[in-house]
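Okay, so subunit A shows up in both of these, paired with subunit B first and subunit C after.
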Partner chain A sequence: MAVKMETKSVFDREELMTGTDAVAEAVKLVDVDVFAAYPIRPYTGVMDRLAKFIANGELDAEYIVADGEHSQFEIGKHASSVGARAFVGSSGTGWLYAMESIGVTATDRLPLVALVGNRALDDPGAFGVEHNDALLVRDLGWLIGWASTAQEALDTTLIAYRVAEDPTVRMPAAVAMDGGYLTHSQHMVRVPTKEAVRDFLPAYDLGNRRMHPDNPVSIAPQVNEDWVMEMRRQNYEASKRSRKVLYSAYEEYNEVFHSEYDNPFIEETNVEDADTVLVGMGSASVVARSVAREMRKEGKKVGFLKIRWYRPYPTDEIRKALSNASNVGIIERNFAMGAPDGGAITMQDLQSALYDAKNHPRVVDFIAGLGGREISKTEVRKMYEMTADKKSPKVSWIGLRE
Partner chain B sequence: MVEETVEEFKNANLYKGVHAVALEEFYTSGHRTCQGCESALVMRDFVKASGPRTVVTGATGCMYVANTSYMTTPWIVPWMHTQLAAGGASAVGMAAGLKALMRKGKIPKEKINVINFSGDLGAGDEGLGGLSGAMQSPYDLLVIVYDNESAANTDIQASGLTTWGAQTTFSPTGSVKRIMHERWKKNLAAMMAIGHPNVKYVATSCATFPPTDYMNKVKKALSIGGPTLIHTIDPCPKGWDYHPRYSHVLGELAIKTGIFADYEIVNGEVRYTYDLRNKKRTPVREYLEKQGRFSHFEDEDYDYVQAKVDEMWDEWELPGILPIKSGLKVKK
Partner chain C sequence: MIRLEVNYRGIFQKTLAYHISGDIVYIAHKEGKTAFSNGRYSDDPQRNGIPCANFAYFSKDLSEEDLEAEASASMDIKEAEVVIVVDDTMVKGLEPWGGYGIRPINEKVVKNGVMLIVSNRKPADLIAQMEKKNYDYRLAIMPGEASFAGLWYFKDDMTDVRVLGAIAKVAPEIASIDTVADYVSTKYKSKEKAAAARKAYDEVKVSTVKAGEGIVWPYPKPVLPGWKSFDDGVYVKGVKRGFQMGPRGQNRNPDFKRGTSKTQRPVVRFDICTKCTLCWYDCPDEVFDPTTEGLYDVNYEYCTGCGRCAEVCPVEDCIVMVDELKFENQDSPYVLYKKDPEKYVKWAEEKKGHERLMPSPVTGKGNTVTKVEASKPFKKGVVK
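Moving on, here comes the complex of A and B:
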C-alpha cells in the first residue's frame, strides 16, 4: 500500500513497510556507494530489499555478497576508507563474528553505518531479540541508536549518516532494532524525497584521510605506547562532540521533515511529574508507553522514559528527566552474568549516571523478553507496580517459567 | 627458465632484464625490517612494478609491525593497515569503493591498482575465507602472499605454510619429540587457482630468483584484470636462522630444489617458470641444512622431505599444483 504525496512535499509517499525495509529505503535515499551482505536472521531483510533495488536499477551501488561477517564489515570499512558511503549489518552471533572489524572501524574513525537486527546470542538457537549483540560494542567508539518503529528506523538511519560523517565526529554508527518485533513488523512510513535527503545530508568527504593516490597517507601504522593514548583521546573527544552534532542534526531533521523529536537521546511519556518511571529501549517502549498512559488515566503517577541513542550515553538528559522520580525500573532485554547486584547491562550505566545526580531514586531492574519472548501489557503493568513498591527485589526476571 | 612475452601481456610493459627496471622507489626508508629481509624486497618490488597510481592495504604481520612505525612510514603510495584475516576483504572494499565512485562521477575515472599484501599466517590460515571471497569477486585487485613460513613478528610461530619439521616457537624440538611441526605445507596459490575458475592469473614467485620474474608477475597480474594472486617464498634470516647475506641463495635453492614450485596459471594454462619435471633437481638437503630451523633433522627427515618433493614433481598430475596422481587414467 503506497499513498503518493503531493508535489513539492519533502515526502515522496507514505507506505506500509517493515523496519528493515524502512532502513533499506534510507540507504537508497542516502545514495550509498557500497554495501556488503551476509545472511543471518533477522537483520537480513534489509539486504534482500537492497538487492532488489539493484536488480531493478533503483540504486547505483556496488553490492557484494561477502564470505562471512568479518569480511562483510571489512569490505564496508575499506570502502569507507576510499571515500565511498557504505552500509553493512548483522544480527546476534553474526555481529559477534564481525567483532574484530567492528573494533577497528571505530578506531580507524570511519563513518560506516550498520544495522543491528538485535538477536539472541547462540547457544541455544533463538531468532528473537536480545540486546546483548549491540550492547557488546557500546564502549568501542560506535554511535548506537535504537529505533522502536519503522518510521524511527528510517529517520535514525538518515541521521546516523549525517552524524557519523560529520567532520567533527567521523565515527561509525549502529542503528539497532528489535529482531522480529521491528525487523519483521509493518508500520506506515513516510518516505522522504531524494532531493530533501540531499539537502539534509551533505556528500561524504573523508578529507585528508581518504585513501587515494592523490592523497598518499599511511593509515593505522604501528604506534605502540608512544601514541595510542593520544589517539584514544581523539576518539574520546569525537564521541563527546557527537552529542552536539546529534542535537543539531535532529533540529534540522525536524525542520526539513516536519518531525517532532523533542530530544535526540530520550523520549519522555508523562515522566516530568511521575513518581515511578520505567526506562527502556526498542520495541518494548511501544507497550510500556501505552501502559503508562492507561495507568495515568487511573490516577497513577507513572511515566516511561525511552532511550534512543545509547552511545554517546545521555547522562545529563537522564539526570534531568529523572530529577523528580522516586522509583525507577528498567526493562532490560539483555543479560550481564556476574554484574553488580545481578542487574543487566543498562542498569549499570543508568545507576552510574544517577550516582552524581542530585536526585537518587530507588532503582530496580527487570530482565524480560529474552530470546524474543513477548513482553505483554500485563507484565509491563506488573513492572510499574513492582517499581512503585519499595519492598520489591533489586532484580526480577519477568515472565520466567516457574 | 623461460621469459615468455605472450599475447595477453603485450600491454603489461614487462621488464626485459634488470637494467630496464625503473629507478624510482615507492617503498623507501623508514621501515625497520631485518637485514636480509626478503619480504621487504617483496614490498619494494611490487610497488615499483605497479607505480604511483596504487592503493595498498597491509594485513597484520611482520610487514605491518616492522614496516610502518608511526611517522616513519616507508610508503610513498597510500597505505592502510587491515586485520590479519581481512587481506582479501580489504582489497574488495577498496576496489568496490573506487569503482562506485568513478562510475557515479564522484572521482575522476582512471586505473588505480588495488593491492593487498598478507603473510602466510594471514592469507593461508585465518584469512583463507576472505581470500576466497576476494578471488570470487568481480574486481580488479591483486593479493600478494608474502610467505616467510611463520608468524615472524610474534616470535616465529608455525603457520599452515611452514615447511614440514621446522623448529618454531610453536614447534620446538624436544628430548622426546624431535619433530613437532607435522603439517605439510598448504598448497595455497594452487588452491586459489583451482577453487576459483574465473581467476585469470595466479602465480608463485621468489623476489630474487629468477631476476625480474617477480616484478613482471606483478605487472602481469595487474594488467590481466579481475582478482589475481601472487604467492612469494621469502627467506627470513630471523625465522629460518641463517646469516642475512644468504637470503638470495636460499631463495634460489627453494626454486632449484623444487620444494617451492615456481609457476604461473594464466587463464587456466599452467606455465612453469622453473620447470623441474623430468630434470635433475638440486637435493633438498642442500636447502634445508643451511637453515638453523632444521638443525635437529636426522637423515630420515631429509629423506622424508626429499621423497615428498620427488613425489610432487614425478607423480602429481600437475607438479606443485594438483596433488592427484591419476585421473581418468586410473587402472581397474
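Moving on, here comes the complex of A and C:
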C-alpha cells in the first residue's frame, strides 16, 4: 500500500521497497528510453519491476532482453550513442561477461547508467555480496557510487544520470549496491514525483557526438598511436570535472528533495575528533555507524567513514577527514589475491591517498563478509578494537571459520 | 526488538509471506514505530514446496539503522520472538539446502517466544513432531488449512489478514487488533477483511509448551568445517553408483534428501499391486526401490510428495496420497508389509481413512477432499 504524501510535495508517496525496486523506480522516474536486460540475481528484481511498469502503461520504453550480458551492455551503449537515455545492469560474473563492452562505453564517453548488484564471482555458486565485480572497473573511466540503503539507491541512481550526462562529464556511471542484503530487504522509501525529477534532471543531449541521420557521425574509429593518449587525457580531465558536478548535483538534490547528504563522496559518523576510524562502503556501513555511535556513548573515540563515490576517488575529502585520526581500519568486502601485505583492494587506494598527506595514521585491513556472510555488531566492535590496538596485525580475516 | 520469522513453502506461498512481513512494516510505520523486512536470500530461486523464510524486524524505540544493525544486516535469522508457520506440515522439519540437514521448525523460537501455526490440528499433534526445547515457549494455533494463496497470481483467501489478526493476539506489542483491523480496512477498503482479521484474533488458541515437551530430534545438525579442514578448489563428493534389489538398495545423496518438501506421502497397498512398474518409472525423484518379487518400496526420505505415482497407478486405491503429519517416521513400508501383510494393510487403511485428498494449487482453492465409503479388503497371497 502506498501512503499518499502531502499535496504539492516533491514526493509522490512512501512505499515499502527492496533496493532493486527503488532502482527500478528511479529508472522509471528518469523516463528511460531503452532498458536492456539479461537475467541474473539481483538484477532480475529491476527487470521484474520495469516489465510491470511497461505492461501497466506507466513507462514508455524499449525493453530489450539480450542474449547475454555482453550484448545487453552493447545495446545500452549504442542506445546511449543515438541520444536515448538507457539503463543496464548486472552483477558478479554477468558483469564480468560484459567487460569488453564496459570498457569501451567508458572510452566512448557515453553516459550510460548501470546497476551493479554486487555479487560474489562464481564459482562456487553464491549469490551474496562481494565488491570485486564493481571494483574491477574502477580504473576504466566509470563513475562508481555505492548505495547503502534502498533510499540511497534511488537517490544515487537519479544523481548518477545527472552527473553522467552533464556536458562537462559525459562518462558512464555505475550504481553499486550489495546484492542480497540491500537488493532484497524491504524498507520504506520516499518516491519523488515525476515533475520534480524532470526539474532536477535536464533532457539527455549528447551534442555533436549524437549519432543520428541528421547528424551523421561514426563513433569509435581506428586511431592507433596518433590519438589515444590525448583521448585518455580528455577522459581523465572529465573525471576530474565530475567532482565539481557531483557537488552541485548533491547540493541541488538536498534542496529539492530535502535530503541531508553532507558530502557527495563521503559520510562521516563521529569522525572529526576520533582517534580510531573505520572506513567502508555498502550495507556494512549501517552496522558500523550504529556501533560507532554506541561506542562513543561508552566514551571511546571512534568514528566511521563511509565512502559513497569511489570513482573519482575522494582523495582530498579522505585526507581531510582522517587528518586527526591515529588509527584507521578498513572493512573490505572484496579480495585482492597477491596484493601488498595480503590486504584487499580499497586499502591500496586509501594508503596511497594517505602517503602524501600530512597525517599518517596507522592503517589496518579487515577482510570480512565475503560471499554475503553477515558482518555482525560484535564483529564490527572487534574491528574498532583491533584498529585501536597498535599491536594488531596489518591484515585480519574477520568472521572466518578457522 | 521483536524478530518475526515467516516459514512458508516456496512459490506456493511466496506472495502470502511477502504480504505478511510487508504489512507488519506498514503497520509499524503507521504507528510511528520502526520496522523493515527481508527474506532468506539463499531460498531464491524458489522451487515448488521447498521451505523458505521471510523476516520482519520491529522496534518501538530503535532507529531504523540501529534496528538493522541489531538484526546484524543478515539474510538469515538466528532467533525469533515470533515464528509463524503458514503450512503445518513444515513442523516435521525443514531442509532448505544441501549440507544443512533437516532442522526443527522451532529451532529459532526464543524462551517465552511464540510459534504461530496455521493449522486445524490439536496442539499435541504438532508438539509430537517438534524438537523439545529446554525452556518454555508458547504455541498459538490459528485455524486454517495450508493456504495456496501465494502463487504467482495472488489468489486471495484472507490468510494474510487472518495471520495479522492472530499476531495482534500473540504479540500485542506490535499492534493491537484495532490497529490491525483499521490498517486492513484502509488498505483493502474492505470491512469483510477487517472482520476476518478480528475473527482470527478471537479464534487463535494459545497454550504453553513446557520445557522438555516434544521429541528428541532424530536428524543430525551438520557443523560446517573451517577453512583448513576441507580440500582446496571447488568440488563436492558425488554419490557412487550403487544398486541392489530391495528396500534402500540404491545409493542416494545423504546430504540432501528433500523429503521435507512433502505435505502428503504415497501409501501403497502392496497386496493389490499388479507390478505394472508405472510408479517406479514415472517418479521424478526416483524414490521407488525394486524388490526381487516385483513390488516397489518407497524411500520416504527422498519422496517430495508430488503425487505423480498416485496419479499414474492404474489400480484403484493402490497408491493413495495421505496427510504427511499422520506419520511418525520414514520407515520402509515394504519391510513393514513383509513382516505382517495383514497388519500392514490395516495400518495403511487407518492412515488413509475415508478421505482422499487432491491438491489443486493452481486454482488456489487448496485441497479437494472426496469421501470414500470403504477400501478394498486385504488380499491374501502375492499377485503373480
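One rule holds for everything that comes next: the second predicted complex is superposed on the first by the 401 of 402 C-alpha atoms of A that agree within 3 Å, B and C clash if a C-alpha of one lies under 4 Å from a C-alpha of the other, contacts with A are read in each partner's own complex, and residues count from 1 in each chain.
To be clear about the criterion, a residue touches a chain if its C-beta (ideal position, glycine included) is under 8 Å from a C-beta of that chain, and two chains touch if they have at least 3 such contacts.
Computed from a predicted model, the values in this text were never measured in an experiment.
> Between subunit B (first) and subunit C (second), which, if any, makes contact with A:187: first, second, both or neither?
Second partner only.
> Between subunit B (first) and subunit C (second), which, if any, makes contact with A:385: first, second, both or neither?
Neither subunit B nor subunit C is touched by A:385.
> In the superposed arrangement, does A:213 touch subunit B (first), subunit C (second), both or neither?
first
> Let me test your reading of the model: by the given contact rule, A:341 touches which partner, first (subunit B), second (subunit C), both or neither?
Neither partner.
> Can A:79 be said to touch subunit B (first), subunit C (second), both, or neither?
Once the two structures are laid over each other on A, A:79 reaches subunit B alone.
> Contact-wise, after the overlay, does A:289 reach subunit B, subunit C, both or neither (first, second, both, neither)?
After superposing on A, A:289 lies in contact with subunit C but is clear of subunit B.
> So, does A:123 touch the first partner subunit B, the second partner subunit C, both, or neither?
Touch status of A:123: second partner only.
> For subunit A, which residues belong to both interfaces, subunit B and subunit C?
none
> Which residues of subunit C touch subunit A once you look at their complex with the stated criterion?
Per the touch definition, subunit C meets subunit A at residues 21-22, 25-26, 29-30, 36-39, 41-42, 44-45, 64-66, 68-70, 72-76, 186-187, 224-228, 234.
> Can you name the residues of subunit A that touch subunit C in the complex?
1, 3, 14, 16, 41, 123-124, 127-128, 180-181, 184-188, 283-284, 286-287, 289-291, 293, 372, 374-377, 400-402
> Within their complex, state which residues of subunit A touch subunit B.
31, 33-34, 36, 60-62, 64, 66-68, 70-72, 74-84, 86, 100-101, 104, 203, 211-213, 215-223, 226-227
> Please give the residue numbers of subunit B that touch subunit A in the complex, ascending.
Residues of subunit B touching subunit A: 52-55, 57, 64-65, 68-71, 73, 75-83, 85-86, 88-94, 96-101, 103-104, 106-107, 112, 129-130, 132-133, 136-137.
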